[in-house]
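First up is the structure itself, then whatever we jot down about it.
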Amino acid sequence: MPLGAYLTLAALVFAIGLFGVLTRRNAVGILLGIELMLNAVNINLVAFARFHADLAGILFTLFTISITVAEVAVGLAIVIVIFRVRRTVEADHLDLLRG
Amino acid sequence: MGVIPFPVLSIITWAPFVGAVLIMFLARHRPLAVRLIALVTTAISVVLSVFIFVVYNREAAGFQFHEKYPLVPPLGIAYEVAVDGMSLLMVLLTSIIIFAGVFASWTVTTRSQEFYALLLALVTGVYGVFVSLDLFVFFLFYELAVLPMYLLIGIWGSSGQVRPRGIFGWAFRETGVGSKEYAAMKLTLYLLFGSAFILVGIFALYVSAGTGSFSFLELEASSFPPRLQFWVFLAFYVGFGILAGIWPLHTWSPDGHASAPTAVSMLHAGVLMKLGAYGVVRLGMGLLPDAAVELAWLVGGVACINVVYGALSAMAQTDLKYVIAYSSVSHMGLVMLGAATLTEAGLNGAVFQMFAHGVMTGLFFALVGLVYEKSHSREIFKMGGFGRSMPGIATAFTVGGLSSLGLPATAGFVAEILTFMGAWQSTHPWWLVPAIAGTFLTAVYVLRVTKQIFWGPPSPHFDHLVDARGPEWVALVLLTAVIVLFGMVPALAIGPVDTATVPLLIRLMKP
Amino acid sequence: MSALAPFALEVGLGLLLLIVFGAGLVARGEDRRGIAWLATGGVLVLAVVAMFVAPAGPALGGMFVQDGLAIFAKRLFLAATFIGLLAGLSGPDRVFARRAAEYHLLVLASLLGMLVLASARDLILLFLAFELMSIPLYVLAGFLKRDPGAVEASLKFFLVGSVSSAVMAYGLSFVYGATRTTDLAKIAAVSEGNPLLTLGLVMALVGFAFKIAAFPFHMWVPDTYEAASTPFVAWLSVAPKAAGFVALFRVYFEGGGERAAAWAPVAALLATVTMLAGNLMALPQQNTKRLLAYSGIAQIGYMLVGVAAASASGTAMVLFYLVAYVFGNMGAFLVVEALARAEGSEATAAFRGLAQRSPLLALAMLLFLLSLGGIPFVAGFWAKLYVFWAAAERGLYWLVLLGAILTVVALFYYLLIAKRMYIEEPERPGRVPVAPTLAWSVALCALGVVLLGLYPKAVVMAALRVAAPLF
Amino acid sequence: MTARVGADDLALLVLGLPFASFLLLALVRPLRRSAPAAAVVSIVAMALAFVAAFLTLQGSVRRGAAVSPSTTWSWIPADGGPMATVGVMVDELSMWMLLLVTLVSLLVQVYSWAYLADEPRSSLGRYYAYHSLFAFSMLGLVLSPTFLQMFIFWELVGLCSYLLIGFWYDRPAAARAAVKAFWITKLGDLGFVAGIVMLWSVTGTFDFWTLFTMGSMGTLPVEALPPIMFLIYLGAVGKSAQFPLHVWLPDAMEGPTPVSALIHAATMVTAGVFLVTRAFPLFRLTPDVLTLMAWVGACTALLAASMACVEADIKRVLAYSTISQLGYMMTAAGAGSPEAGFLHLLAHGVFKALLFLGAGIVIHVFHTNDVFRMGGLRRQAGVWLPFLIATLALAGVWPLPGFFTKEAILADVLEVRRWGPFVLLAVTAFLTAFYMFRVVFLAFFARPHGRRHGEPHVPLAMSAVCWLLGALTLALGLQQAFLSGHHEAGGPRWLPWLSLTLAGAGIALAWAMYHRGAIAPARVAALLGPIDWMARRRYGLDALFAGLYRGLLLALARLIGWIDRYLVDGVLNVLSAWTLRAGDRLRGLQTGQPQDYVYGVAFGALLLFVLAHWRLR
Amino acid sequence: MTAEMLAFAGVAVVLLASSLGVVLTPNLFHAILYLAVALVATGVVFLLLDAPFLFGVQLLLYAGGVVTIVVFAIMLTERLVGTSIRQTSRYLVNGALVSLAVFVGVAGFLVQAPPSAPRPAWPGDLTVAVGQALVGAFAVPLELLGVLLVIALLGALYFARSEG
């Protein structure tokens, strides 16, 4: 398979992830969308690394995967604390601050 | 003239600033000390201004009393000051007005310490603009001259009674027309808006000249491509023109001047508006000769509108301060008209008009301030018969009015006749018509107002009115005397001015 | 030891992190402010050390570089962090006392991210540092975790931030893919134009734009600023943005090589919309922090004008702008904090008659506002002037004019606060009490604003010097 | 040459004395506040000035004319020599005028001392200060060697006129009249200043002598001259109350009567005639303007006379008569003989001043201006004889000066075959006799009306001045009749008889109507219906000016004021309101919903994509 | 049609389908399950790209770690809220249009990209190389990553613990 196929696949996953971020009402659902987006990044990186036979891409992927984990952890913690304070998971309801 | 052994221009410029600092730090809660410091520091400036006015070498002409200290050498910024015949007169004007202004605002009671400090800081800015040869420093001073105005008007000003009406009534309501805050904000923003254009213009010149210097003298020596000149001149014209009150960018001036406290109105209408005209002449014409010639029709045409429109607007006002403010719009039109004629007579007339109108309008605002202070009213049609109880004020007002309408033996006449002469000699002789019509309209509204306020039977709305007192007299007498003196002996001013305008014209007319 | 020389500050900060961590483990009781003092003192020491750090060559195989730009930026970060921490020392909320260790660990970790970011010349390290800087900020924004606003702000910040960094990472993957390297020096050497490179850089720009809060990536800013604790916001509003700009310079100018100038129109566009949106949206604000948030966005727009110059002088002027902005903006936020502690209100109305109640505080606020407004004799004037200058040098007169005109719009809302302070009468009498540490931090900012206003030359020269090698 | 220097010095002295007096009174407050001191200063200065003026005339008449009668100094410097000069021009014209001005001023100032004795002392100081200023200005005008200087003093006399008309400034009528006088004359002055500016720009000088020399050498650009001279003539129209700018003069009678005598009869109003006379070498080059001048002058004369016939206010009658006589003078100039006009000016100055001062006494006695409420003054006051002499002089009865000067004018008008103006002037002569004797009969000969406050006391100063002027009038007439060869001026033989007949007819008609009562005035009025109706309404001119002022000028001003406030400023406010609204609107983007912020990021990314596609190629 | 292509097609379909499932299913638990599938599919893509090491990391860290945390979070919040979490979507069309536009934007660049060379062989053992790099040049970044993870955990902990 050519590089382009992998890149296109990644782009599709990225777009789907973005779609999820934009449309899910549930904060956790939004997080899942972000996961997908970051996943697409990894596909991209690995594909490039493979096609260039370059190690940096693999390392990059390792780092992004780890960073993603950290991000998700923090994100979920925020969701939990929001649940605790606001008693809701709906992002739409979080509009105290605006204007 | 020998070399003067001290930096005379810097002392003139910075003395008020030092005064402001002293007032802030030494004169807390001591009103008399505040005034004395203000008086002494401005007196220093006055004395030195008169001194340089006297010792300025009219034969040698050109820029004199030159001082230069590099500030940011890699960028070509230097503190460079000097005066030629034109700025010499403007420095003198500033001195006269601020000196009179200190006296005229002797009775400011609320937060007088801050008032005088801001006022003096402002004056340093004005002096600085007139003496700076470095465009960058010029701009700095310009900003310094504009900014304190916001607080000066906002704190010590007075609100007018403009009603939000008309098809744009909603907009007036939203902007809060009539209040002093509105006026202060409008004035400040408008002038800063203008300074944006000036800044861009200065940069364009700096970049285009490529000499790596902001020095006026160096920029003057380089020639700019016509297209650039055109746009930069327009930028300068709009930028400085706003300050000079060109139509239709003048509307800050009536509101601002009407709302400002006395000394600020005096200084603003008397000196700051001149600063705009000075900028157009000094930077616009001095650095961009081709564009100045090319765009003279615009400058002159708009000036004609200013003259007639300002006078008619003045006639329509019922608030005394607005009348004076609009008269400034009209007279600044004459200044710009004189400059636009690009003739010796016209240009001399313009500069002389700056001086004459400065003193005159300073006098007017001082008087309006006094009348307001004593009667607590600015409504012309409520007043009447004040001449009986305040003959001194009435006399001074009449002298100011006569100068305003260009009566001979007052400075206003010399300015106007020179402008007329220039107008008819210029490439647009028809400019003479609005110019002359303007003087007639001025006669109409000035005398109408004088009659309404000072003549006629005493108004029932007022009693216990008193004439000017003590320090206030100093302001009135000083300004009146200057108006008459320069009206009778115009050579005093025209002499040095001519040495500055003629080289400028030679540059302009060079093919 | 010499191998560690380029990392002196990072190592020092790492040690400080460990110390604070340890102190946090050891500390007992409700009031753990000692840790705060410890962290603040540590940052001060680092800031002092930073003044003596000398540039060093690349380390880690070119991944990390301690050049002039990095040092310049690090000094700025440390100074800003010091002021921010100093101001936060006297925070009234109990959580700052009890959770001083967490709070400072997060701040210091983020600071570590910034320090590394300033030196990162490799995409991997850059992204890592970027995230190290960002992730603690999400937590810090919601540090007042009982406050409904703060947690909401935290979520918004997190959401926009993580989407942006996802886009950025995606972009960086393309950059890597197009150039077969993550080393910026090598990327700069790639001469042929590759659409994937363009794509990558464009998408990476999203991340940077989020970080510096350019329109329309700014939307987290007002909400976060409004709800988070003010001393933190003061710091948040300057330090990460400065880091964002430095990274931006690294990637687009240093890593752009010959193509650097191609980014001028993009920056110009961003500058235009950011200045417009920031200034306009600031106009109707009644909450001072929100107002300052939008004004901050506008300030970013002005800095982007300098970026649009895409020249050494433009970059230098943005650096100078950042310095001025650090002092001006932090100062303004800290005055708001002082007033909010005394009045319990962050509305602009709280400023009523401040000049008569606490003249010095009002004067300081006026100085900050004037600096933000770009008025002569305070730092902000030179900042604006210099970026305009740089843009004018490149013929971007229209942008300069627009910027200058919008400065006037900006003055409208700055002057409204000035009006409240100076023109209106106070609602209640008496001096506004200001905690000493807060007063000190405000004084530091005021000093910075005034000194830079009176004598900008030293910093300008330094900025010019460090920016020159980028091009 | 030394002789000329002497004359200049004397002229400067004439000029300087009233100026010094003015400065003293204006600046030294105690002096101004004490009425007698002020009067003494002013009168002494004036007396000395009169002596100096007399000496000037004496000195120069003996020595004859010189090459250039003017001496000038630079006033407005310029690069290539002064742009404007000031100085004095001492020739026969100016010397005679000096004499007239100083004499009448002196007498009026003396007269005023008694007339205004009831005024507050400080006001009197002000009064004399104004008078000194006026004298200075008028003398400066007379001595002007340049158009510009003439304009300067021209305006200054206008100022004094304004100040003195408004001397009783708290009377609304006086205030209005003063302002009106200023405005209307200013209208004419606009032409004047435009004219001299244009003249300057085509010739490069304001100097009379230079211009005359250029004129005689043919170096003047004659084709440019007509509009210029027309504009300058406009100045004279305003100042000398020619139709249609005469409307200010009757109203100016609101001022104190001595002021009317001095300024609005003898001196200032004649400045227009003086200007035309002075600049006649230039006017001569523009025949069209002269024709216009003659016609306008004649029409003015007739129109004013007709209005005088129906006026009840004694001062206004005199004012109309002044306008009428000024018309005569202008017609003379228009007919090409300004000398005749000037002589009439001099003579008129003397006897019209007398008439006003006499009227002042009458008013002093009756406390009214209304001639129909006077009467019987003949027996009481010794004033009636001088008044009668002056009236006869004005009516043009031999051997009084009015007869000779008027006849000279008629002769000159005839000589250039201007029949129209001639007829108008002749009718005017008839009307003049009529309306003047109408006043005389009503005021002096009619039965007394109303109550009298005992025996009226006429102060000596007032009556003495009147007697003096009466004697002077008589002397002038007799001098003309018997001492100088009068008839060399020419004119047909029937002319003196015609004018005497007209005068006689006018007197007779007045006698018949107002003394004898043979003809009822009402019937005459009915007979002349429309004319009477028009004349009583001053031909609608006052209303026209008032209408223009209110309906046009003030309305336009209001319109512009409205436009400025609500449109020009409105647009600005709309812009700022829009900016504020835009901010508010834009703020709506910040919905508060977290995902909308992500939309922001997405849109931003798309924006960058588009830009990248577009610019980063 | 090589085997690789077939495998790619299969994986791609699974990946895309499960991704869509993540963003479309109304049940949050299902969404997580779909995510797990998607992550595993991604791992398979890594395998196809000859990076078995990453496949392992993916499985462990992502599919294992992340999914577990999320499940925990959901259970935690669900307990708090007390109802099973159903989720709905907002502005589907808008979201679809925008994400499609982003995809088109990316694809627009992708189609312009020069065709890639066929994939070269790996020079050595990938896992070893990764290991060496992580203790060599990338040691410092690895340290930083450690800091990042610790700090993130600290932050998460700060939020998650409830204080009395």
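Per-chain numbering from 1; labels A, B, C, D and E assigned in written order.
What we mean here is this: a residue touches a chain if its C-beta (ideal position, glycine included) is under 8 Å from a C-beta of that chain, and two chains touch if they have at least 3 such contacts.
Since this is a predicted model, take the numbers as computed values, not measurements.
The minimal number of chain-to-chain contact steps leading from chain A to chain B is 2. With centres computed from Cα atoms alone, the innermost chain of the structure is B.
Looking at which of D-E and A-C shares more C-beta pairs in contact, the answer is the pair A-C. When each chain is reduced to the average of its Cα atoms, D sits farthest from chain C. Most remote chain with respect to chain E, judged by CA-atom centres, is D.
Here the CA centre of chain C is 77 Å from the CA centre of chain D. Between chain B and chain C the centroid-to-centroid distance comes to 43 Å (mean Cα coordinates, whole Å).
If you average the Cα atoms of chain B and of chain E, the two centres end up 70 Å apart. Inter-chain spacing, taken between the CA centroids of chain B and chain D, is 36 Å. Contact with two or more other chains is made by residues 124, 128, 131, 135, 138-139, 142, 145, 155-156, 159, 163, 167, 174, 198-199, 203, 222-223, 284-285, 409 of chain C.
Residue positions 90, 94, 98-99, 102, 106, 110, 113, 138, 141, 145, 148, 152, 155-156, 158-159 of chain E are each in touch with at least two other chains. Chain pairs that touch one another: A-C, A-D, A-E, B-C, B-D, C-D, C-E, D-E.
Within the complex, the chain C residues that touch chain E are 7, 14, 17, 60-61, 63-64, 99, 102, 105-106, 109, 112-113, 116, 124-125, 128-129, 131-132, 135-136, 138-139, 142-143, 145, 174, 178, 194-196, 198-199, 203.
Contact residues of chain D toward chain A in the complex are 587, 590-595, 598-599, 602.
Against chain C, the residues of chain E that register as touching in their complex are 106, 109-110, 112-114, 137-138, 140-141, 144-145, 147-148, 151-152, 154-156, 158-159. Contacts from chain C toward chain B in the complex involve residues 370, 375-377, 381, 385, 388-389, 392-393, 397, 400-401, 404-405, 407-409, 411-412, 415, 418-419, 422-423, 457, 460-461.
By the touch rule above, chain A contacts chain C in their complex via residues 7, 10, 14, 17-18, 21, 27, 30, 34, 37-38, 40-41, 44-45, 47-48, 52, 54, 56-57, 59-60, 63-64, 67, 70-71, 74-75, 77-79, 81-82, 84-86, 91, 94-99.
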